[in-house]
Every structure is written in structure tokens, then in C-alpha cells.
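Have a look at the structure below, then the notes.
The first chain written gets the first letter, and so on, giving A, B, C and D; residue counts start at 1 in each chain.
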Amino acid sequence: MNDIVSSKTLAAALSEAAICAEDFARMRDANLARWPTGAAIDFDEAVAHHKALPQKKQLAEAMRRAHAERRCLTQPRGGFATLAMQKELMQALDRDGLADIVPTTTDSYTRNEQFAAAQKGVDESERLGRSLLNGFPVVNYGLAACRELIASIDKPAILLTGTSMPKLTAEIGFAAGYTGYLGSGIAYTTSYIKELSIADGIRNYQYLDRLAALYAEHGVELHRRQPGFLTGTNIPPCIAIAIAVLDCLLAAAQGVRHYGLELAQTLHLVQDAAAIAACESLAQEYLAKKGYHDVFTPITSLHWMGAWPRDDAQSATLVSYGGTLAAIGGATSVTTKTTHEAYGIPTPQANAEGLRITRMAIYLARGIRLAGLPEYETEKALIGREVRAILDKVLEMGDGDVAVGSVRAFEAGVLDVPWSPNRHVKSRVMPARDARGYLRIFDPGNLPLPRDVMEVHAEGLRERAANEGIAFDRELAIRSVYELSEPLSKLLPD
Amino acid sequence: MNDIVSSKTLAAALSEAAICAEDFARMRDANLARWPTGAAIDFDEAVAHHKALPQKKQLAEAMRRAHAERRCLTQPRGGFATLAMQKELMQALDRDGLADIVPTTTDSYTRNEQFAAAQKGVDESERLGRSLLNGFPVVNYGLAACRELIASIDKPAILLTGTSMPKLTAEIGFAAGYTGYLGSGIAYTTSYIKELSIADGIRNYQYLDRLAALYAEHGVELHRRQPGFLTGTNIPPCIAIAIAVLDCLLAAAQGVRHYGLELAQTLHLVQDAAAIAACESLAQEYLAKKGYHDVFTPITSLHWMGAWPRDDAQSATLVSYGGTLAAIGGATSVTTKTTHEAYGIPTPQANAEGLRITRMAIYLARGIRLAGLPEYETEKALIGREVRAILDKVLEMGDGDVAVGSVRAFEAGVLDVPWSPNRHVKSRVMPARDARGYLRIFDPGNLPLPRDVMEVHAEGLRERAANEGIAFDRELAIRSVYELSEPLSKLLPD
Amino acid sequence: MNGAPPSAARRFTLVTGVIGADTHIVGNRILSMALEEAGYRVVQLGALTPAGDFIKAAVETAADAILVSSLYGQGELDCRGFRDLCVEAGLDDILLYVGGNLVVGKQPWEDIEKRFLDMGFDRAFPPGTRVDDALAALAADFASRTAHAGEP
Amino acid sequence: MNGAPPSAARRFTLVTGVIGADTHIVGNRILSMALEEAGYRVVQLGALTPAGDFIKAAVETAADAILVSSLYGQGELDCRGFRDLCVEAGLDDILLYVGGNLVVGKQPWEDIEKRFLDMGFDRAFPPGTRVDDALAALAADFASRTAHAGEP
């Protein structure tokens, strides 16, 4: 069961290099043998199944079309414990929510490969008639059940499996006909696990990306996607983008040519639009540096990932504004939340409502772009300088190897993620929101950000500290964690 | 009872000139004698009452402060038939909605001075325990009841009385301590009545503005406001602004020095921001031309005034986006709607929710402005050219007299309002929404718009006709009336 | 738009208007335009029309139906006794429709509809009704009436 | 922040952590920092902590209370039998708090609270609880416990 061991034994020295065919074949056999449902996987049959899927269920194709037409697709999150509940949910999201992409979120036991615990969760949920799991246990249910889910909707399906141990879930999911998979080695390892090393997280996703590339080699293009939200807690664009680019380069090295990049919204219109534009161009810039000229990198914007208010009205605004930010920013898709966010996993109805609120906002913002707005151009340039400063240092530390460089950079704090549960991440960097609503860095830790750039960050933060009459210290960062969850009477007193 | 007669007899030839003191005294006596509750009005006592009001209840002051601090205040609409219902409503808007300005909307019988019918509405509402009137009958209840309402809240109160016959309502409202009054002679006469002439509508509001000026002479500054929404149905900025400026010049001539201007949202971020900025600068430009250099003209942005969707989710987005548009546009206040809009007058709870959704949107958009965005600057310049073309022609037609010019301009269709119920308005102008979401003019009727400007309008409209494969005719205008009320499955099919 | 009148032979006359002190003319005007396009003879009374004026116009034009619009919420007061006025004027079985936002506030449609049918309207139409639905209803009702015309 | 521990004399020890496979560390970390600032000795187990580890740490550090965080919804499964584990380990009446988004979905707080009190927790805290509320509760509970310390 323990994935850390298996990956250690299989992959000796860490490197970005593509896993060679023989090793990969051996790794796949070992992996599929870890749980009974793995036995049902037949790669050639899976490829045939994908080729038989109608175009409207192929996410890679849908993302390419939306990108070309400058449309913004909608996608929620959603997972329940039992097949019946999950099917009802996915159908509601498809029909009542008009979702363009329908998700299957896995539960947290599955994410940590505690399949026995997941089974208990399924049984208890059946017994009590309500879901006790926060997602759908894909591995326990296996191939046939997943195909039943996908057959019950008219849209492409994506697997959302926040985990640094995706190997079994991915094999079953891809074979079942999921055409999208969210997850990456660096991002998820910094936010979803405590003990696993960055190196092992990277190894696990090299497996996944290699698998996606294998499907591509057989004529099946899948939508791989990097989870840019990290800990979802006030991640400044430069940190999200730097890690997104690194995960992207690692995937490209395994042969992936379709790799979406996510960015959590900062909720500042100008900063988010600038970040979305900067992310795509920086990804292409570094892909080119490494010699990749044919990787498709659409951007997905994520509704506010930090703490939500407990007032439905305030939450409705975060949902609606989230659609506005994604559309004006030019994202190719947006991942939606709901008015239930502060409380619990939404009902299918609340989830569909969040999709419709967002879709209406996208309609209203059609055609609006900020290119040419002085403040926007300045912010975009600032983000570019920040990201390059970090990435160039990482590549240098790895002597050109992205995997090695990333591991060393985390050890040195040159790569850092705020509020990480992972003990291999320094988490010294401290973000905070400034007086004008920009998400800035209060304490960079060891991030190699130029002094003058940090001056820009400090300025707005000092202004806020002054406005609120508080010290220029950690309190700024903590207040910023709570800020958006505060009642209006505190945010904007009358 | 018939106001048309009374105003005719009192004011001989129409002119913009201020009503002289003697005439005004006689007009007031005649007016107050029209209904029993008029007898309670004592001007000096009323002035003393205003001076005793706490600052937090003075709207003129609140608007000046908000304008200086670049804040956007929130204000709903709201009126029910009985005193008890109205008090409960105003308290809910104040406390649960955090409204910065609390409204009292009058019912439609009162608006048409059918006070006996209004009384029946009150009695029936008492009997059935629910409101059968769409507003509060201020005249029937009179001075004391209105003071009781204002005493029950902690904010400034404004009277919303969509009518071209405001004289009795205004006397009672001002005396009761309402510090704001929405309404104007040209705007309301084009949208709220069928038979009354533009001239008589102007006369009725000359009375009201003269009264507001009289309070000012006695040291009580009131917030007068022009209702820019007209028929609320796809009013292009140039028409709304031209009429707002004319109503403003008429008020200034009566001595008013605090006059807010409203603009209904087009729901296009760039067009709305440009319109708000253009409206304030054009008002000041023409005030200066007429020699007024000390009139305060804050802008109020109005949530979508056309047909609403019947889906709560879509409506929530219109409410939220309405806050975004007002804040980014730099409006000094925003008038809010609710998710009940397509169905009926909202409950106090739904109304308060609309306020909170909007307030959160204002918070999120703080500090964001579009100045410098090329598309914004172009649109602002376009609006300026359109408005000047109309206004210069109107002033010319009146030989410099705004009142006379306005009446003649409506007769000639040089001033025109789409979808007007008033038979003195040509209503030949036909607006429609173009392919990029801009509200444009499909058929200008006799509006004196430059040919090259109309070319800009026609271009985007032709593009839409082409996109939707329909003829470039009236159908475009009718579709645009329904557009925002259509279900998402039609607006943005998946 | 579909739902043209059943018999081209005979041209039906309709009276339209917005009742009471109600200024909402947009929907009523679009509806009236659509009715004309569909071949009906339409007498448009416009906004702010007293109940009595509808009856007067219907008598003068020997109208086959009256289509009352009420959007502003006070229709519940304005429409009371409308059928009685018709009967008094000898329009005993003239077809009566009412539509719009008929009452104050968001109330269950079933309740609203019942209230107006009880007032003697043959049909009531909920908020946001599209013209095609109105046309279809008229076509159906006139068709059945012509069919039963001969009967006692 | 208010609510400092009642007796400066004796320093209370608290064990904190996020139970089960739950990665939500932010709130738990802020809470732990606040508890330290308030003068408590805090043993932080961090995210993804099995129930057993809480008990082990509490025994080793002779803790006065265990503060369990659960945000991800599966706390209802993870927390079952938590009190029994304490009793087995001889921590019969150690103070047990649980807080966060304890169950899957938006359920009435009364139901959720009852479920966790029945599991043997002394207090349960709803979504979005602020640290001051946690500090106040601890101060109150320790005060009454010290007061009744002498009693049989």
C-alpha cells in the first residue's frame, strides 16, 4: 500500500528525464497490483474506448476550441460517497448547472490511498443515506462504475483528486474515459500531505504524465492540468506561476503536450487579469527555453480559494465576481464554488446555482479585456520579473534539471509556499493583502525576489498597516487570511 | 385635484426663470389646500426640524462626503401600503441591508394624485394583512407618520416618487425630514404619464426645485436627484445624459445647488464607466455655459432597469455585477434591485440581500478604475460628441431658454425617448444591443446625431444581426428588450 | 411568430391596454404589435387606462376580446369587477385575458391565477409571458368559439 | 487577544492537530499560535494526524486538553470512539474540544453539535469559529475545573 516505498525502489536517482518504456511497464504492473480493481485495466481496450467517445465528451478538444474562440468554460467540483449519489450530482451539474466540464472529486481517504477506510465510508453512507465522504472513491468502485458515471452525462468529465499519490486513481480514471486529470507533483505535494518529500511527489506525477503521454502516443489526447491553488490561502501570482511552470516543464519532459495551468483568483480585477496573461506567456517562454514548442497551455481561473464569508449574499458575490474575473482575464475555463462554501460540500442544487451565477457573469463580461490599461501593464511586467527571478534561480540550482532544481530550491526556501502542511516546505513566505486590494508578499523568506520589487510589495502593505493602525508584522498576514470571510459590517461599515 | 389645470392657471408662459417669491407663495397655498394633510405643513417649523436632524440623517452631507472619499453608497427602493409594513421594511433595509440611504417609494395612485384610491388600497391592505399598493401613500398618511418612519432608522431617508405631479408629496416629504427627493420634470414626464405635456411636467418640478432652493436659502441643503432611467428600457447613455443635463439646468435656474444625476446601467463595463464619467463632466460643462459654477452633481448608477431573468441565479449576478459597475465607474451611489425583480416587489429580506450582494461587490472593486484604457477613452469621447450634438441643438431651439428649448425639441423629436407611454414624446428612436454588448441606437428618429457617430452605432448592430442571422430591422430592438431576461440556455448555450 | 388567427374569413378585433395608473407600456406595445402582425385588428389604448375605457372601446369596436395588461402590482385592485362592467355594457361573453405582474410581490402563480379567474377573466398569464404563448391561447379560444358558434 | 489562562501559577498543556487524512492546517496553525501567545504550552501535531497520535502525545506530555481540528468533512468518521481511546489510555477526564467543518455538507449546527457531544467531546465549535471564542471557552473550563479541583 505504501506509495512512498514503491516509488523510491522503482525510481533511483531523481531527474526530469522521461521514464523509459521498460521501467514504466514494470512500474505499471506493480501499481495496478496494489488493489483488486487495478486488475481490470487493459490499456489497449482503454485507448479504443477513448476513440469511441463522442467529441462532446473529449476535454482536450473542448479546451482547444474554447481557447481558440476565447470562450470561458465553466466547471464545478463535486464528489459524494456512493455511485447513486455521484450520478445524481453529475447529472444535476450537467443539466441544471449547464456545466461545460463535469467533475468527479475523489474523497480524502482515496487521496491518501486508504482504500479500506474509503470502503467503510461508502458502507456508512449507504447505511445512513447521506454521504460521509467528501468525494467519490474511484479506486474502490473501479472501472465499470466510472464508465457508468461518464455515460450518464453529455459533457467531458474530469477527475479532481487532490493528492500526491495519484497513480492508481489515474490508471482507473483514464481507462474509464475521464479525458481530464487535475494534479501535479510539486503543487499537490506542498498542499495535500505532511510527510511525503517533494522528490517523491514529483516521481508520482512523472508516472501520471508518462501515462498521459502514452495515451497521446496512441492517438488519445488528454487534458492534463496543474492545480495552481497550492494551499489556496493568499498565494501571490508569482509563487503560483513559478510552480505551475515547473510542473509544466516536468510534464513536458514526460511527453505531455496538452497541459492546463490553474490560477487561484486574488479577487483583484487588475492583478488577476495580469496574472492570467503573464502565466500563459511565461509558461511558453520557459517551454521554449527547454526546447518545447508545441505544448498547449490554457489557463483555468479558480474562484476564491481562501476562507469564505458565512453570509449567502456575500458568497453569491464572490461566485459572481469569480466569473467576471475569469472572463475579463481571458481564462479558458473557470472552476466554480457556491454559497455553501463556508459551511460544507454543496448540495447538487447549490452547486448548479453557483455554475449559473458564474455563467451569467461570463456572459455579461463578454469581449471585455484590460490590455492597454496602464495599471494592468505595470502589474503584468511586475509579475514577469518576479517569476523569472525565481525560475532562473531554480533552473540554475538544478544545473538545468527541473526536478533536481525544484527539490533543492524547496530545501533552500528559494521555492516556498505559504501555510503548507508539508514539513519539506519552509513556509516562511508570508503573503498579505495591501491597501488597494492587491495580494502582496509581506515576508519573502528566501524567495529570490529583487529588492525593488519587494519595495513595491512593502509599500502597499505599509499603507494598509497605517490605515488600520496595526503594526507592520505577521498580524497583517493573519488578518488577510480572515479578511474575505468577515461580515460586511466589518469589511465596509456604513 | 387635477394638477394640470392648477399649474396651467398659475404659470402663464413657460420659461426657465425662477418662480418669483409672491407667485410661489400663492402656488404653495393652492397646492397645500388640495388635500387635508397639506394643512399640517409649516415651513419654518420644517426648517427647524431639519436643523435638529443628526448629521447621519442628512443625505446632502452624506453624498458630499462619499463623493470626496470616492465611496459608493448603497440605496434600495421600497414601499408598502401601511405604516407598520413600511416601518418594518425601512428598518430591515437599514439594519439587515446596511443601506447607506433608506428609501420610501410612493404607490402609483399617490403618484397620479388619486388619493382616494390610495386610501382604498391602504384599507384593503390592512384588511388582508398584505400590501396591495406598490408603495407608501405619503400624502394620505401625512407629516406625523412620515416623521415616525424617519425616526425609526439611523440613515438619511429619500423619497422615490416616480411621478410628474410631485408637488403635494414633496411638501409633506420635505417637511417630514426626508433629505432627498428623486424626480424631475422632463424625465418623469416621458416615462410615467400618458397625457401630461412636457411643459406641465417641467412646471411641476420647477415648483419642487424652487421649494428645495427655499430650504437652502434657510440653511437646509437637500439632495435633489434626477431620475436618469427614463423608461428603463435600453436607454443609450447619450439620451439619458442629455435629459439629465437639461433637468439639471432647469433645477439650477430655480436655485438648486445640489443635484444628483442618475444613469441606468447598460451592463457593459466600459460603456457604463465611460457614461458615468462623461455625465458628470458634461453636466459641469453646460452648467458653466449657463453661468452656474457652484452646483454639486454626484452620479448615481442604477442596477439594470430593463427586463430581468426569472432565474434567481441569473438575477443574483445582475445584482452583484451592478455593484461592480457602479464602483468601478466611480458612481457616488448605486440603487439596487433584487432576485425578485422579474416577479414582484421584493420582501424586506430579499431587498436587504440585494443590498448586501451589492455592498460586497463594491468592496471587492475598491480602487479599480478604467481611466487610460483605450476603449474606455474612445467611448467617453463618443458619448461627449453625441450629447453635445443634442444639447447644442436644444439650446438653440429655445433661443437660450432650456424649458422652451426642451418642449420644442420633444415636439420635433430632437429630444426623444424609446418606449415612452407619453403621447407628447415621439418615441421614434430605437435602441438595441450590439455584438460586443454595447447599447447602441438602431434608428435615431430625429435625434441630431452626427453621421459618423451613427456609423459607429450601426457597425456593431450590423455585426449582431449577421451573427444571429436576422434582418437589420426593428427585430433587433425588440430582441434587445428581452435579451437579459432570457434563460442562460439561450444566452450562452453549452 | 406562429399562432395566426384560425379563420382568415373573419377578422377578430382585440382591445389592448395597461389598466389603472400603470405606466408599463413596453410589453403591452410589443404584444400589440405582434397581434397586428398575426392579423388581428388591434385597438391600442396604451398605458394608464381606466377600466371603463376598455369597455367603452370594446363596445364601440364590437371587439371579440379584451387583453388587459397590469405590471405594477395594483392590478389586483384595478381589475376587481371588470367582468361585471362588461356584462353591464352588454359584453356578456367577450373573451377576457389579463397578464403581467398582476399582484404585489412574488406570490405563488396558482394563487394569483385563481384570484383573477374568480374575477371573471377567461385566462391569466404569469410574469414574463412571451407573445407566442398569448397568440397560441387566442388562436385556440377563437377556434373553439367559432366551432361552438352554431350551438344554442 | 483576550482570555488568558486563569492561573498564572500552573501552565496548562494543550495538544492540537488536524485529525485523519485532513490537510487543512491554516486554521489549526493560527489557533495554535494564538494559544501559545495566550500562555498555554501547545503541542502541535499538524495536519493529517491519526487519532492515536493525539492520545500518544497527550499521555507523553500529560496534557490538560486535546483540541481536534477537522475541516474536510470526514471528521464524523475520524472522531468516532475518540473518547474511548482516551479512556483506554487513562486520560479519563481530559478536556476534549473539536472544531471546524465537522461533517459533510451544510447541516444544522444543533444536529452536528449533538453528534459530537455524544461522541464524548466536551465542546464542539462550528465552522469559522474565531480564536477568541476558543480561548474564552478554555479559560472558562479550566477555571471551573481548578475551582472544583479539591472536591472528591
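Quick note on the criterion: a contact is a pair of C-beta atoms (placed from the backbone, for glycine too) under 8 Å apart; a residue touches a chain by one contact, two chains touch by 3 or more.
Note that this is a predicted model, so its numbers are computed, not measured.
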Could you tell me which chains make contact with chain A and chain D both? none
When the centre of a chain is set as the mean of its C-alpha atoms, what distance in Å lies between chain C and chain D? 68
Averaged over CA atoms, how far is the centre of chain A from the centre of chain C? Could you give it in whole Å? 56
Chain A and chain B, separation of their C-alpha mean positions in angstrom: 46
Pairs of chains satisfying the touch condition: A-B, A-D, B-C
Please output the residues of chain B touching chain A within their complex, sorted ascending. 98-100, 155, 267-270, 309, 311-314, 316-318, 320-321, 323-324, 328, 353-354, 356-368, 370, 372-375, 436-437, 488-489, 491-492, 494
Give the list of chain C residues in touch with chain B in this complex. 18, 20-23, 25-26, 29-30, 46-48, 72-74, 76-77, 101, 103-107, 127-128
Interface with chain C, chain B side, in the complex: residues 107-109, 111-112, 114, 117, 120-121, 124, 130-134, 162, 191-195, 231, 233, 307, 310, 340, 342-347, 350, 419-421, 423, 478, 481, 485
